[in-house]
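As written, the chains take the letters A, B, C and D, and residue 1 is the first residue of each chain.
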C-alpha cells in the first residue's frame, strides 16, 4: 500500500452478502443485505473516495438491494471481472496500485493480487485468504465492506476524524 | 450508573435486528426480528420502567415488526438521533444520566457517551464497543435488548423477583 | 431421570426456531424451521414415545411449519403454559417426573424444574441454562429438539438400535 | 480413497442448505441456498467429473434453487436413498469405491460408509461425523459442497491448476 488509494472496488456476493439467496416454488428470489455496510459508504463519501460495486451475478433482487443503499456506481452480470476492471481503470486513469479491492471467490484471485490493497472476509476459502493483504474479522454479509473501509482509514490515521 | 435509570432507549437496526434486510426483484422487503426481545419488554413493564425505540431508517417492514411486539413507544426515520433525544428527554424531564441506551453504529457514539448507562451487542464495530459501558454477550438480532434489561435488573438486584 | 420418560414436550420458539420471524410492510410473516428436527420426530416414533409441541405464540406461519413436519400433536397460543401442562398431564395420567421437556424462556422456568428431564439449547439465557438438566450443544433453530431426543436415547442405550 | 473418484454425489438438505425452510401463513415456502457452491460445480466441470444431487424432500422451492445453479443432474423426493443409489450406480457401471459422497443425516449413514470417499459438514450430528472420512470446516449451507470438491482436488494435487 505504497500508493494513495483512489478507488474502493467491492464484489457483492460473498462481501455485501454471505453468498446466499432465498427462493420459493415460483422462483421468486430474495437477497439478504446488511445496513452495516452503509457505514462504509458514508465514510468513503466523507473522505471523497469514489467506489464501485461489481458482480458476476445478474439478479433483480441484487439490483433492488443496491438501490436501497442509494448506490449508483455499480455493474452486475460481469462475465470476466478482471477484464472489465482493466478497461474501467484505464478509462478512469487509475492504476491497479491505487485500487483497494475486496472479494471472496476464485474469480477474484487475480484482482486481489493486482490491487494495491486487497481484503477478504474471514469466511472466504483458504486460497482466497492466502492471497488477500488483509483478512477481515467480519464475516461476509455482516458488514465486511464497512470494516475494510474503517481499517483503511484507521491505517492512514483518518478514521477518528471521519466520525 | 450513579443515578436511577428512568427510561430504556434502544436503536432498532443492529440491536433488535442484526442490521439485515431481505429484498426481492420487486423491491419487496423483509426484516428479521426475534421474539427473544419480548422478554426485555415484559421485564421493563413489570418494573414500570418506560422505554423508547428509535431508528434512523424508515421502513414499513420495520414498523410492522414493531407492531408485532405490541410496542407503541417508537420513532423511525430520525435524521439526527442525538438532537431528537435531546428534545425528547427535555420534554419528558429526564436527564441523560437517567437514560439506559443501547445502540451499535457511528450515529450512536455521542448518545452512548451521554447516557447514564450504555450497552452494545458484541457484534458492534470496535469504535462502538470502545465507548459503551457494557459489551453484551448477545449478538445483534438475537435478543441483545433483552439481555441489556436482564443485566441491568441483575445489577440492581431485581432480576429474580421479576420472573 | 429416575422414572421412565413417557412423553417429550417441546416449546416451539427458541427450540424449533431461533425465536426469529421475518415480516414485510404488509405484515406478511415468515418463520424459519429446520428439517434437522425431523430426526427427533422419527426417533421418537421408532421408540413409540409420544410428543407434544406447545407455543405461547399464535401464528399462521407457525402452524404451517408444524404441518410441514406432519405433526398433529400440538397446541399454540397458550397463555399459561404451566397451567396448560398441569391439566394436560392430569388428563393423560402422566406425572411430571415422566416428562422430558425442552424450552428456552422465562415462562419455561417452572416447567423445566418440574419435568423429570429438562433441556435447553445453548443459546438460551443464563437463568434458563441454570435450571435445565441438560444444556444442549445445539443452538435454537438448528436441530436442538433432535439433539435432545438423541442424547436421551444415547443415555438409555437405545440410540444405535434406533438408526 | 484408493480408487479414482468417478462421480460426486451430494445430499441437498444439510449440505447445500443448512436444513432450514421459511414458511408463511399461506404455506408459501422459501429455501436458502448459497452461491458459494457454484465453485464446486465449476471445479468439477473443469476436471470433467460428473455429479449428482439427491434429496429425500420434495419441494418446488428446492427445485427452483437447483435450477438457479443450472444443475440438471438431480433427483428429489427419494424415499430410500441407499436403494436409489445402488440402482443408479449399477446402471452407470460405477462402483461404490469410485463415489465421493457428502451427506448429513441418519439416512446417509450407510451411504457414507459405502462410498470410496465420504464427507460431512462440521454442523452434522456426532453419529454422522463419526462415520464420514472427512469432517469439513464448512457449515451446512455455507459452501460445504464446494469445500468437499476443493479438498479432494487439493488431495490429488489438482486444485491450483483448476483455478
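Brief remarks on what is shown
Here, a residue touches a chain if its C-beta (ideal position, glycine included) is under 8 Å from a C-beta of that chain, and two chains touch if they have at least 3 such contacts.
Nothing here was measured: the structure is a model prediction, and the numbers come from that model.
The two sequence copies subunit A and subunit B touch through a face in which the numbers common to both fall below half of the numbers used overall. Between subunit A and subunit C the centroid-to-centroid distance comes to 42 Å (mean Cα coordinates, whole Å). A straight line joining the Cα centres of subunit B and subunit C is 30 Å long.
Shared contact sites, meaning residues of subunit D that touch two or more other chains, fall at 22, 29-30.
Viewed as a network of touching protein chains, the structure reduces to one closed ring of chains, two contacts apiece. By the document's touch criterion, interfaces exist between A-B, A-D, B-C, C-D. Contacts from subunit D toward subunit C in the complex involve residues 13-14, 18-27, 29-30, 57, 105-106, 109, 123, 125, 127.
Against subunit A, in their complex, subunit D makes its touches with residues 22, 28-36, 39, 42, 59-61, 63-65, 67-68, 141-143, 146-147, 150, 159, 163.
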